[in-house]
Every structure is written in C-alpha cells, then in structure tokens.
C-alpha cells in the first residue's frame, strides 16, 4: 500500500510532504516538537490539517478542503506516543479490539490477540486490566494492539521508548519480522531502529522535512544538523558466514549477532564511526576487523573529524589527523573491534 | 534527607528494602515490570504496601499497619512515568503547581516556574495547554514540575524516556547540577544516567533487589543477570586537564567533553569495555589512549570474554583470547579511542 | 489490601457533607416517626396500594427505558458535535425540568390529545393515548428525559474523547466506538442518569394527573394514590410514601452496586 | 481550523436523538401555539406574576447555592471514600427524588415546623422557618439536592483520580487538590448538577405549597402562582409557564456557555 | 409586625395589621376580590392569602402555620380542624356549590342528561371519591342509580375541567362555579339530580390567631352581604 502525503497545519507550523512506497517502512526522525506525531496524526485522521491531500494506494484519505475520510475508514492503525489502553478492557480485549472492530468474531479476535501478545512477549499479562501494568508492559500491549489491527499502513510512534534495554533487541527483531512485508511509518529517537527497520528515512525539524532518502544514504551523508547529530553509522550488507558478514566484495566483518544467524542468510553489520580506529600499518591485537583502504575525504563532524573512505567512515579527534598526517588519498587501515559491531539479519 | 525503606506488596510480588543517604542520588535499574515504579509509588505515598515501614530523615512516612502519612505531607515529589500534566492549567501553572501548593504566592510560584521551565529548555511553551504539547515537550514539563516542588526527596521515573537524543545530554547535565546537593531516586533504563547522576545503584528484578551498591562497583562487577547485561562501563575519575581527565594516579585519558570543562574541575571519563582493544605492544595509530597494565582475570560475559585489569575492563571475542594468548598476569596494552570516551563534569 | 491509594479528601469536607446528609435524612426520620406502624401493613397491602405500586414500577421502568433509548443519543449529540443552534436546542431539551409538571401535562395533552397537534394522525392510526397506561409512561418520560440528558452530557464532556480517538485509529467505526468505548467509559454517568430518570418517573405526579388521569390499575400510580389517600387520611399517605421510599432504595441499591473508583 | 478532530458519532444516532428532541420540543410548541398572545403581556406583567417571578428567581438561586455548598461535599464523600453503610447513605440522600414532593413538604413540616423535630429548638432560638421565604428555599433545596449529588458523583467517578494523585505527590494538601484539580476537572458535571438543581428549584411546587404555603411575595413562587391561575384561567397559567420557560432558557444559556470539548 | 386583639370596629383597628387567610384554592378569585374590599373598609389591615387544597391547609395549620382565618371547600376538612381545637368559636357556612355536567363546547357525545353519562362509549371523568367533588358525584350515583364508568377519577375538580376543556373527555362532573368560571371553553349541562349532593364551604377564625377580632371580622364579612354578593357573582349558592 503506497502513501502520498502533503499537509500543512498552520498553528503548529507544519508543512510536510512525503510518500511511502508499497511494502516500504519509513522512519521519521527529528527532535522533540518537530512535528513527527502530528504527521502520523494527519495520516491516521485524528489531526485535521489546514490544507493538503493524502492518498493510500490511490484511495483518497483527504483532499482538503473537499474531502476528509474519517479515521476508522482509512485502513491505518496508529500506536500513539501515549499507550492509552482502554481502561475498562482486559489486556487481551485491548489487543483484540482492532480485529473485533473489523468484524472478526470474538473467538477469532481473541485468538489473534493471543498471537500478538505472544509476539510482544506479554502472554502472561492477558487477563490484567491496564491499571495493573507497568509502563513498559503497557507500551508493549499498545504495540500489540496496533499490530493486531492489521492495517494497510501501520503507524508506530516511538514504540520502544519505555522498554528496558534488555528487551529492546527482541522487540526490534519482532518488528523487523512483521514490518518486512508491510507498509509502515515508525517515529523513533533511536537511529538503530531506523537502520534496522526502515527502508527510507525522513528527518524533520521545526515542522519541515529537512532530509529524506534511503536510510543508508541519509545516515551516511546527513545534510541536516539533526541528521548529522544522530547519523553516520557504518553499514555493511552481505550474507552471514560463521557469525560474521561477508560482503559481496568479499570483505568479511566479524561482530556480535544475537540471535545467531544461519549461514548465507542476508545480514547487516552496523557500527559507529567513533568505534573505528585509524592505523597506518595493520596492527596486531584484539581487533578482529582491519580493512585496508584509502582516505577519500576529511570533514569536520562536531568536535571531531570524520575520515571517509569508499565504504566506511571513522571519527577521530583533531590531534590524530595531524599526528597520522591524514589526507585524501592516504593509505590507511580502518580497525574495529568485533565487540563493537552489531550483526542483524537483514 | 535520608530515606529508609522496607516494603512488600503481595499482589505485585514486591519485597524490597533499601536506603538513600542524605544528599545521595540513588538509581533504580531493572527490566520492565521489575517493580521500580511501584517502589517510587510506595515512597511517594500513592501505592499502599501490605507491610513495611519507611522514614525520611527520621520522620516516619509509614509503619504498617499502624501509620500512614498521606502523599502530600511526605515532602517527596514524584515525576511519574506518564507525564499527566493537569489538562486545565497552562504549562506555567503546571510547573508552578508545587510551589503554589506549598503556600508560595502566585507571583513567587510563577517566578519559580519560569526558572524551571528555562532549566528544561521549555520557556517558550509557558503559555500552552498540555494538549498542545508534543510527547517530549510534555515530559520535560513534567520534570520541571517535579523539580519546582523542591521536595526533600525527589523521585524521578524515567525522566528522559521520550526525549530525543539531541537534548538528552543537556538534560542530563541539568539533572546532574540539580541533583548534586539533593536526595533523589531516579528510575532509568539508561546506564549512563546511573553512572553520571547516581552515587549508588539498586538493581531490581521481579520485585526483588538483586544488586545494590556504589554505582561504580555494581557496574564494574555486576552479579545479577540484568546488571551484567547493562553494566560493565569503565569509569575513571580525576580532574579535567586540557579536555582530558587526569586520574590521581597520574594517568591521562583523552575523550570528548561537551560542554567543555574547565581545567582542574573534577571530571569523569566513561567508556564501554567493548570499545577497549587489547594489544600486546603499544600500537601506533589513531587511538589516543593506551594503558600498559596486566590481566587480572578473564571471565565470560555473554558471548564474549571480559578481560579485567586493575582499573579497567575490555570485552573481546573468544578467538581473540586464544590468538593473543591472554591469561592472568599477562602484560597487555588497553587501547581506547578518544572518540569513544565521554568526559563529564563529576 | 494493596492498591494505588486514593489521596484522601479534606477532613473539613465531612462537615458540610454531614450537614447536607442530615438535612435530607432528618425529615425522612421525622416522617418515619409519624407512621402508625400498627396499621402500616394492612394499609400498604390494600388492593389499591398494591395496584398503584405495581403500575408505578412498570411505568417507571418503561419510561426509564425510553429515556435511555432517546436520552442517551441526545446527550451524545449535544456533547460530541457542535452545530448552529445547539445551545438553544440544549435549553429546549432541558425545559421539562423547569416547566411545572402540570403545565407539562397540558403541553402533552395539546400534542397527543384527541384535539392535539398529533391527535388526528394518531386517531387515524387507531392509537388512543389519553387515559391509558401509555400516557403515564409518556408523561414520566417527558419529565425524566432531561435528567438523563444533562447528567450524561456532563459526564461525556468531563470524560473527554481520548479513548474514542484511539479506538477510531484502530479501525472501529463510530457505532463500535460508541458501544465498546464511549458507553462503557461513561457508565457511571449513564447509571446516574438512569437512576435520576427512574426516580423522577417514580415520583411523577402533576404531568400524569393532567395528561393521563387517575384510574386504579390503569393510570393511578403510587404518587397519585398517595395524594388521594392524603385527602382522607394523611397518615396513610405518609405510610404509603414510605413504601415508595423503600422501593426506591431497593431499586437504586440494586442498580448501583458500588464499584471501586478506577484510577 | 486545525485541531485534533473529534472522531465523529454514528449517523444513525441522529435519528433517536431527533425523535427524543421532537418528543420534548413538540409539546412546547403545542403549548406556545395555544397562548393568547394578545393578553400575554398584560398577564405576565401583573403584580402577582412579577412578584412570583422575582421570588422564584431569588429562592432558586439561594437553593442552588445550598445545593452547591452541601451537595458538592456529599458527592465528593460518596465518590471518593468508602465506608460501611455508604450505599445506604447514598440511597437515603437520593430519596427526595422519589418522594412525592408533597410528602417531602410534610416531612419538612414534621422537622422544621413549630411542632416538628427541631421546632422547639428553633423556637427557643427565635427562628420561624415554616411559611417564610426561608421555608421556600429549604423546600427547594430538599428536592434539588439529590440532583447535584447524583450528577456530580457520576462525573467524579468517571473522571477518576489520576490527576488528584499527581497533585498530592507534588505536595498539594487535600483542600488544594480539591480546589485546584478536582473541581476544575469536573466542572462540566458540577455545572450540570447546578443547572439541574436550579431548574428543579424553579419548578418546585408540591413541597413548597405544603411546607411554605402560598403567600404572595413571601412564599408564592411562580409554579404556585401558575397553579392558582389555573383554577380560574388555564390559559393564563400556560402563558405564565412560558415565562418560566423563557427565564429558565436564559439562565441556563448564561450558565452553560458551550466550551469546546477537551480532548 | 404590630399586634392587637382589642376592638371590632374598622376605625379602631391599629395600622399595619396583617391578616393571613388560609383558603381553598377554588376560592382564589372570589376571596381575592373580597380581600380587596375588606382592606378598603378596614383601614390598616392587609389581607394576605394562602391558597391551597383544603387538606394541605389543615395540615399546615396543624403544624402551627401562622394563620388567622381558615376557609375550607368542604366540611370534612373543617371538621378535622375543629376536632383538633384549632378554631375559635364555631365555623360558619358561607357558600354552597352543586355539581353540573361540563362538556366540550361542541358537546361531541350529545350529553343532555345525567343518564347520558352512563352510555357506553362516552368518556366521562369524575373526581375520585376521596375528594369532595368525587364524594358528591358518588352520592348522586347512589341516589339515582345511574352507574357511571369513568375513564378517570381525578384528584381535583380542576383536573376534571382540564380534561373537558382540552376535549380529551366527552363529559365531566364539576361544580357550577367551575362551569361559570371556565366561560366559553366548556358547555354546561344542568341536571335536576344535582340537588342530591350539595357541597358546603365553611369559614372560621383560628384559635392560634394573634388578631382574633380582625379574623372574626373577616369571617363575618365573607358571610355577610358584601361577601355573598361577590360569591354569588361567581356562581356560588347561598348556604
């Protein structure tokens, strides 16, 4: 299901336009108050823009001032920032609310609800009332509720904000799985979510889209201030091979993969430029990954300097540049510890 | 103000006991549903435990079943997980609510409110109604509201969950400043909060305290599963010196400090063991920090191996241990890039 | 019991609350103290009393049903939409509250009576309302309707629309939202409205006598019976009132199982 | 205008809402259509009518005030605390709703009358309540009080205690919580209760005539005046009722400025 | 207010004396008129009325209402007051009333006699037996053997009249004075059997009155020629 959106909201100073292709997952990044939730609200039909139009798969969602399709008829499901579980329903019935509303039988809805509760690892909470949940539990239920509605376009507003970091990886895997063949928009503050879940990224600042494009590109070469602040992750795609990733060009990069990935499955290795050390000779030591390459360019990156090569970047402090006499064209080794590299199924 | 607490809640399977010393900040860590919010609720007087007792600075908060001091008379202020700003008051009046309730004049309360709004960088939102705020904005206001109440014991439940990562460092600095001379408890999912803001840490799992102690110790040698999962940060305390930290033992460690710290101010350098590389000879390359030391012990740490030395730890993958022939007593160099080291005022 | 505690209410509030409660309860005590208990049971089990009580319960139940069927939609329209003339409509709907019931009865006569606005239409349809039990129900519903509307509208507004919006984003059509979210959430207000409507119907006198008349077993409800008894024997009337009171307490008690306030 | 939109209500709901509205409005139209407008103004400006209207407004305002002063605390106690016998107390407080007003008047006489429960005490204090304007206010407050209590209690329960708890954790004592959080948040319910109480007071007849009598300028409120007019000239009564209606619409309209439903 | 219990002449009544008269609601028109006349001839006396149902009035007087004069619409309620020692002296009957058939102006059921009321299909409303007009109707039924099956037994004569004027009922039994008072909105059908039941209105000064002489004067005024003239104009018969 593909989405086309243009909208302005005057009193929130919002003016945006973007699209989501069929089956694509779009991540919206941006600082607090940038208008991310507002954008989701406009798509979901609960915030009324002053002008604009949107269509989902060719069907008009709104075309102001003439048309306005109500929220329930849009085929979108929104998991808002505030979980807002229905206080009078049990957790199970909260999750079953979407299917039930779409006409599924009570039994079927319960079935589905149980399935999605299991997916978010909250089966044992099924019989509770929302008032008896912890903050993180409530958020997981809210995610399950949105997923259970099986929308044409899924809208997730910071689905992992209240989760403890030990469950975040599992949740991310689950989302990765369910978002794979779905059109979805996910608002997040964590670049890793964007990297792992999204095909494309939109960066918003003060109600405007300041950056947009394929995740890899935006994060590799952010042009906006916010983008630069959060982005710059190194990504290497390839196939899993003995816990490492082998790229099409034959490079192997080692890292930590949890859960383990079967060999020859597509996989991606992610690591931060700041974890990458620059050497002039291949060092002998613990770091498992050393890539011989050439400096492409040097650019300031905050208080540091970003050393760009063909494929990877490294952030180093200013004295390093002088000491190692870095300059475009110089042959270097980029070294990164395996324990700094996260490997995920792609 | 020192807190002593023992409490059980049967239907949440909670059984805890801990204390907070005068002027101390305690961090509570733990997975979702561990009972962190419940613990704060018991202290704040909004959750009634089945048994237990608590006293703040010698004054009994409760001593069940006999005594129960109501929430408003406890001198604690709670910033709960859900911002719950009063919908009928403006942002300014929300923040001024605490002072006003404690008998300050309207003018004084407004003054204070404006001060705290500025602290959380939300002055321009003063006139808004809560319904006109973004999620992150609301959370900042909630933090300001709790701070403005100027309690004897401040209780913060995940104060930074909804904040975008670009404002988190500033918020952390602000909290660091205001928590310095205050007794406080902060619930967080981010170890860095614990490291930077807390003197002591309590780790909870399934309603029990599984670990407790000075932040540095708990994080250095976690005994619980959750502790191990999140902890292990390297901390080096000392005085700032030209943007680096010089420890009392004379070691200098370079890193990134934002904001810059004046020389000879107390400072702490924080970095992850997984960023630390192990070399057998001092390598020549970008990493600015190389410490000659000796292996103290090797211990498994998830799928990796933690290499412990006197002061620092490094996480390496299993093949590394064999390749470098690491064993207790072996002389090694621990190397960490300056860009991986965060330096904060202590 | 462990639970999120209520934060407590100011102590002093018990003082006006107690004064208020006394103000209501004392007269009831005074009333009860005047009843001649020796005659009480023979009196309240008389044919006419029993017939009146049965009729009252039946008609009040029916009129409460009407109030729910039509009052709930009105409250929702008033609370959840805005249109020109809404406030005028609201005031109009509230009018039976202030209209002296007798005048309300006259108005109903002018509308549903043989010579009334709809009288001819009804005649053609073969429907005879006046002097029938239907008239009693209509009279009660007319005076009781605003209670449901006002009480529920207040609750609907205070409850806000947050959960309704969430339900819509999950694909629930308005009817589903209404049934599965709005109504369950405002149940306390709806119950309050229904109790008020039932109580008002049970006590209704003026409109009934004017519009429906007073015939034993058909239109003479308990208040009418009480009024009549009073002409002869005031004490009998008081005794009968106590029956009404007891019935009301029972019915209200049944409807309103106190549930823990949700947090 | 941009805003978080309401999610809309089901279309079909307009049908019962409209039927309900017609059911209320039609009789009012029928009533208005029967008024002899030629006499209307002379009639409603007669001394006795004006005196009755003034008295009605004054006493209703006072009784509404009493309902607020005592009814709000009762509603709060009922909604926010639980104690043994609470549900019995609630039923008792609701009783004036079902008590035929005339019986309510008798009960008040038995309590505040010279020979009543408190009669002697009051006599000693030199206070004469029955047959004074005070009696009118008391009678109205007696019948109107439950409206405030029930309507507000429903809203309080539906609103929950979340914000009250937050306020307490910020150090607000119960009185502050009440004043700055609870009451502002349940304002729609309080307004509804006050309107109901005012309206019920304005229309009060049975208890007033029994307890306070019907003395022009002292206790003869508009409904009593209407009742008397009706003995002679039913049309006059109807005209006077319309005055009551117009006054009520004005007052209710003033009190209840429609405000946007908060989300 | 001031009080006095001396004298009986108009000239000696002290100024600003307030006389409170409790009178049956059906006397509103006539008594208001009589009250005005009385005030005019008795300088310094203000007459205020409390009009309500006779039973209400007795109950109020029993509870210590500040009343000076009581005028009842029937003897039964006056008897209650008498037996409770609430009145001073003996009550005086000052008016009589008899029943009359009232029909809508067009008389749709063509009622011409009492017997017509018993015809099937005729909608007749009566007063309930508990109230004076009802017991009168019952007495007539007993005396004549005409069995009327009413569609409603109303609480008050006003209610009967209301059903007739609105056209809801085909006929009702009300007082002569009511037919007269209703003017063109009803059509009256007199019937000879009406004499079988006559309703009597008694008046009395009350024992609790602080203005005994003025109270007695008012009662006497009502029963006297001036009062009778007003009452007769409204259709009341002499006692």
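Which chain is which? They are A, B, C, D and E, in the order written, and residues in each are numbered from 1.
Convention: contacts are C-beta pairs under 8 Å (C-beta built on N, C-alpha and C of every residue); 3 or more make two chains touch, one makes a residue touch a chain.
Predicted model only: the values in this text are computed from it and were never measured.
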item: Chain A to chain C, fewest steps along touching chains; value: 1
item: Interface sides of chain C and chain D: same vs different residues, half threshold; value: same
item: Inter-copy rotation, chain A to chain B, in degrees (Cα atoms; steps of 5); value: 180
item: Inter-chain pair with the most contacting C-beta pairs; value: C-D
item: Far-end chain from chain A, centres as C-alpha averages; value: E
item: Maximum centroid distance from chain B, chain identifier (CA atoms); value: E
item: Cα-centroid distance, chain A relative to chain D, in whole angstrom; value: 57
item: Chain A-chain B separation of Cα centroids, rounded to whole Å; value: 26
item: CA centroid of chain C to CA centroid of chain D, Å; value: 14
item: Whole-Å separation of chain centres (CA-atom averages), chain A against chain E; value: 89
item: Of all residues in chain C, the ones touching two or more other chains; value: 4, 7-8, 106, 110, 116, 162, 165, 167-168, 173-174, 177, 185, 227, 230, 234, 262-263
item: Junction residues of chain A - those touching two or more other chains; value: 45-46, 70-72
item: Multi-chain contact residues (two or more partners), chain E; value: 59, 162
item: List of chain D residues in touch with chain B within their complex; value: 4, 162-163, 165-174, 176-177, 180-181, 184-185, 262-263
item: In the complex, chain B residues that touch chain D; value: 44-46, 70-73, 75-78, 80, 84, 86-88, 97-98, 100-102, 131, 145-146, 149, 151, 155
item: Contacting residues of chain E [partner chain C, same complex]; value: 53, 55, 59, 123, 125, 128, 130-131, 150-155, 159, 162-163, 166-168
item: Chain E-facing residues of chain C, complex; value: 106, 109-110, 113-116, 130-131, 209-210, 212-216, 219-220, 224, 227-232, 234
item: Chain D partner contacts - residues on chain E that touch it in the complex; value: 20, 22, 25-26, 28-29, 48-52, 56, 59-60, 62-66, 158, 161-162, 165, 181, 185
